[in-house]
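Paired with subunit B in one complex and with subunit C in the other, subunit A is shared by the two complexes that follow.
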Partner chain A sequence: MSKNNLATVFIWLIALLVSGVFFWLLSDIIVHGLAKLSWPFLVENPKNAGRSGGIGPIIVSTALILMVAMITATPLGLATAVLLSEFTQQDRVFGHLVRRSLDVLAGVPSIVFGLFGNAFFCIYLGLGFSILSGGLTLACMVLPILIRTVEEGLQATPNEYRLAAAALGMSRGAALFQVLLPAATPAIVAGLLLGIGRAGAETAALIFTSGYVDRMPGSLFDSGRALSVHIYDLSMNVAGGDASAFSSALVLIMLLVIINSLAMSLAKHWQHKSIIAL
Partner chain B sequence: MNHFLNSTGEPVDKTPKPEDAYTLGPLQAGPPCCVPKPLIQVDNLTLHYGTTPALEAVSLDIYNGCITALIGPSGCGKTSFLSVLNRLTDMIPGCRVSGKVIYDSKDLRDPALDVQGLRREIGMIFQKPVPFPMSIRRNIELPLREHGMSKPADLNQVLEQVLLDVGLWDEVKDRLESSALALSGGQQQRLCIARALALSPKVLLMDEPCSALDPISSGVVEDLIQRLRGKYTVVIVTHNLAQARRIANYAGFFWIKEQRAGCLIEFGQCKQIFEAPVHELTAAYVNGSRG
Partner chain C sequence: MSLSRADRQLVALLRGYALLAAAIVLLILLFLVKESWPILQHVALTRFITDTSWHPVQSLYQLTPMLSATLYSTLGAVLLATPLGIGSALFSRYYAPSFLAMVYRRLIELLAGIPSVVYGFWGLTTLAPLIGRLHPPGVSLLTGILILTLMILPTVALTVDAALSAVPIAYVRGAAALGLSRWGLISGVTMPAARSGIAAGILLAAGRAIGETMAVLMVAGNVVEQPHSLFDSVRTLTANIALEMAYATGDHRAALFVSGLALMSMVLVLVGLAEFFTKERRYV
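Take a look at the complex of A and B:
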């Protein structure tokens, strides 16, 4: 066997291994999770610490937390990415400093964000254990990823677009909103999806900020239990909660898949309709 | 006033003689430019990128309604010269321009000048066609909307007119809503020219508009540029000497000096530059023995 063939086999093996692990995980969750999955499970309140009953309030809390996080993070993230990419020079100290800090922030363990969120949002701002605190903490966590992804998307748009827009007498703002941001839509969507993915999977940061309460939240100032926290609780602290944990995990995965495909198709539709007819 | 160096290095004043009247192409517009009337006057223009000089002491007049070709080897500052004329140099960090540039009795280098308005009057076409990633219609309409035209009827009229002008209408009239990126290179370049024409500019700056195109598309774009003569003032940078000779009324020859700065060696009627160049460098370049 030649070296080339050997390398091919090796690469294929690694690819198989990686996707194999993923499918094993996924099928495990599906097989164990489908048993309890039903409409009542999705809408009812949890009973007996989650061993029986459903996850209705938990789905609502999760959705609210994600909503708060993304509503806060998206405008801030886009604005910062635009500032970094379009209004600071690449080699200047300011941009360099911000970029480096964001890269460090993106790698900070989520538990640190949790402690920060607890100290700042819950205690200092007096929001207490609430969906709002949790969502804002997640927004802080998501921001670095979102900003860097969108910034790279903007940087990847050809510089010719900027020159051509300027040569047509368009202002920088017009070029940005009419040409560059639309052209960077795929990157923006990717950034948002990465952010939602990270936020949806987050446990540690939420335990300290949005709390444990598994009742239906009445407002954003109520504590609410996110799906990931619920799964963690069921599998770690509640004996006999495994079946519910599997089903909740399946719901979480389905939720993320639904959000992903929704965002993808929305972006495609938007691009196709008004901005980029590809 | 034009200052050139003759072969011994002495500056000579050499304002070109009037050029023979020519027949216009199918576009049939504008007065013939047989009496050269300067529209842009460049005097002693020097340009630096950081501390590196790119252009040194360039003086020439761009004549109204004529095609002026700038020829010379790569890196001799022809593109930089073009970007001075529509202030795209503003977008290059560290770019310093000195000297005098008068356009339509306005100082082009005035910091208070309405640059967006200026760029509307002095359009630019790039070497690589740059259609925006959107529909053909939106490509043309976007800059128009930016400059305040919003009535669909007006927009449609301009759209059809400019696409007809560049000979693209028959090719794209049935797919105005599809992506401009799906057009061929030559069509894209003509779309970019149409987009610039839509703003009814006075001057078009063209930076090697044909060099990224195949010979046939290049020929179509060249014909189009021919037809712009009279109605628009065209400044074109080209490496294709035959093309310059075919289309230009006036030609300027740039060369790189020892200090890596570009300078204008000779400027005059296209015919004179190609058939009776004064400077020996020009002669060597246009005859293909140098550069």
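Take a look at the complex of A and C:
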């Protein structure tokens, strides 16, 4: 067989192997997960350390943690992205420094975020094991991806918009709020969704910041168990928790798939046509 | 173009926010150092290597078994994921019919979004028992390597795909005009042209593997011992932090922050290298 044909066979085999393993993984989780999945499972309290009952409070905690994370990260991320994309001509060095430090932030391992969150938010700021500590830790974590997506969206808006706005005598700020940000809306929403997806998948950063408590949280200062932490706890620390863990994993994957595909389709939308009527 | 007064105020505000965002990395480093400081003052750095075992309560802080577990599992995962990831990227870009290529790419994107705790859980319930039948106990370095491979494969595939898409179309046309075969085009033209992007992708994947916690924590067995075979249970640096942070106090806690610093510096080196490779845009 010629080298060319041999390579073709190998590449197809690799693709088959990879998709095979992944269908195995997904079908395992779907088949086992569907067994316990039902409406009561989604709303009830966990009983018997999670072996029976549902994941109601855990879904609420997860949502609260994500809400804190995104409410904190959004203004910070938007402002930084706008600065990097629109206002760094005046100050290249500053822009360069910010970009570099965000690159590093993107590479920090999640367990290190957990250590930091524990030392800074829980202990130094005195927030303790709480939804607030967990959410703020995740906010630091999602900043790089949020900023990068919004920045790319802003840079994809045609330069004519800036020129036309300047020709009309609009200030840079007015052009930003009236023209550029509306035109980049899909990118902003995609960035937020990608951030939520990243934060929702996180476990290691939450174990020592938002904690393990599986009761319904009464306030943001209560400890709350995220869905991913629940899966970890059920499979490692609770004998006989596998059935509930499979169902929780299925719920988590479905949520993430919906969020990520929304983000992807919005991202594609802004690549294709990046103007909306004003 | 000079800015109006309102615009200058806006820029100042934005700059404040950006400074805050940029300061987070420094804050993380600062707090890692602050928390490790108590132990670094009276325990020499070399003792983290030369001590005889990891018994932090008895002031023995040997990190080498965890370091080797991290290095072996990362190395194994990168060795497996690199050919599979590159093959996946080549498949969707050059081999698959366009419909199949789209489906395959969506599959890889889907996999990139699956949480590590789910990979770990699947490894523990499905893969570990299979490997245990081959050679007990099943939760082992090998299981860890295989799960890590699955996790970083999408990273490799997506970055290599992006690097290949950045190769100028003129190269491909030139190769076609010379009558190169498909493999000739790939091995002689596009892969060499995209090699810096490919290298960066592999380094980023390695960084992900080093920093990964949940998956290896769940499938690698967590025994603090120097591994002698692929079937030995191991505990990585990240898993060690996750397991012991819950009850660690005093010097023990500080020692965990030292291992956090070690992780952070490894990842920094890899990110730096990856950036170096992407900067250097040499085409053949």
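Convention: the second predicted complex is superposed on the first by the 231 of 278 C-alpha atoms of A that agree within 3 Å, B and C clash if a C-alpha of one lies under 4 Å from a C-alpha of the other, contacts with A are read in each partner's own complex, and residues count from 1 in each chain.
The rule is short, and it goes like this: a contact is a pair of C-beta atoms (placed from the backbone, for glycine too) under 8 Å apart; a residue touches a chain by one contact, two chains touch by 3 or more.
Quantities reported herein were computed from a predicted structural model and do not represent experimental measurements.
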item	value
Contacts of A:Q178 with subunit B and subunit C, given as first, second, both or neither	first
First, second, both or neither for A:L256, with subunit B first and subunit C second	second
First (subunit B), second (subunit C), both or neither touched by A:Y161	first
Subunit C versus subunit B, contacts on subunit A by residue	C
Subunit B and subunit C contact sites that coincide on subunit A, given as residue numbers	166, 171
Subunit C contact footprint on subunit A (complex, rising order)	2-4, 7-8, 10-12, 14-15, 17-19, 21-22, 24-25, 28-29, 75-77, 79-80, 82-84, 87, 90, 94, 97-98, 101-116, 118-120, 124, 140, 143, 147, 166, 171-173, 176, 197, 200-204, 207-208, 228-229, 231-232, 235-236, 242, 245-246, 249, 252-253, 256-257, 260, 264
Residues of subunit B defined as touching subunit A within the complex	86, 88, 91, 93, 116-120, 123-124, 126, 128, 130, 132-135, 142-143, 146-147, 177-179, 181, 192, 195-196, 199
Parts of subunit A lying in touch with subunit B, wherever the complex brings them together	89, 158, 160-171, 174, 178-179, 182-183, 275-278
Touching residues on subunit C, where the partner in the complex is subunit A	1, 3-4, 6-7, 10-11, 13-15, 17-28, 31-32, 34-35, 83-84, 87-88, 90-92, 94-96, 104, 107-111, 113-122, 124-126, 150, 153, 181-184, 186-187, 204, 207, 210-214, 217-218, 238, 241-242, 245-246, 256-257, 260, 263-264, 267-268, 270-271, 275
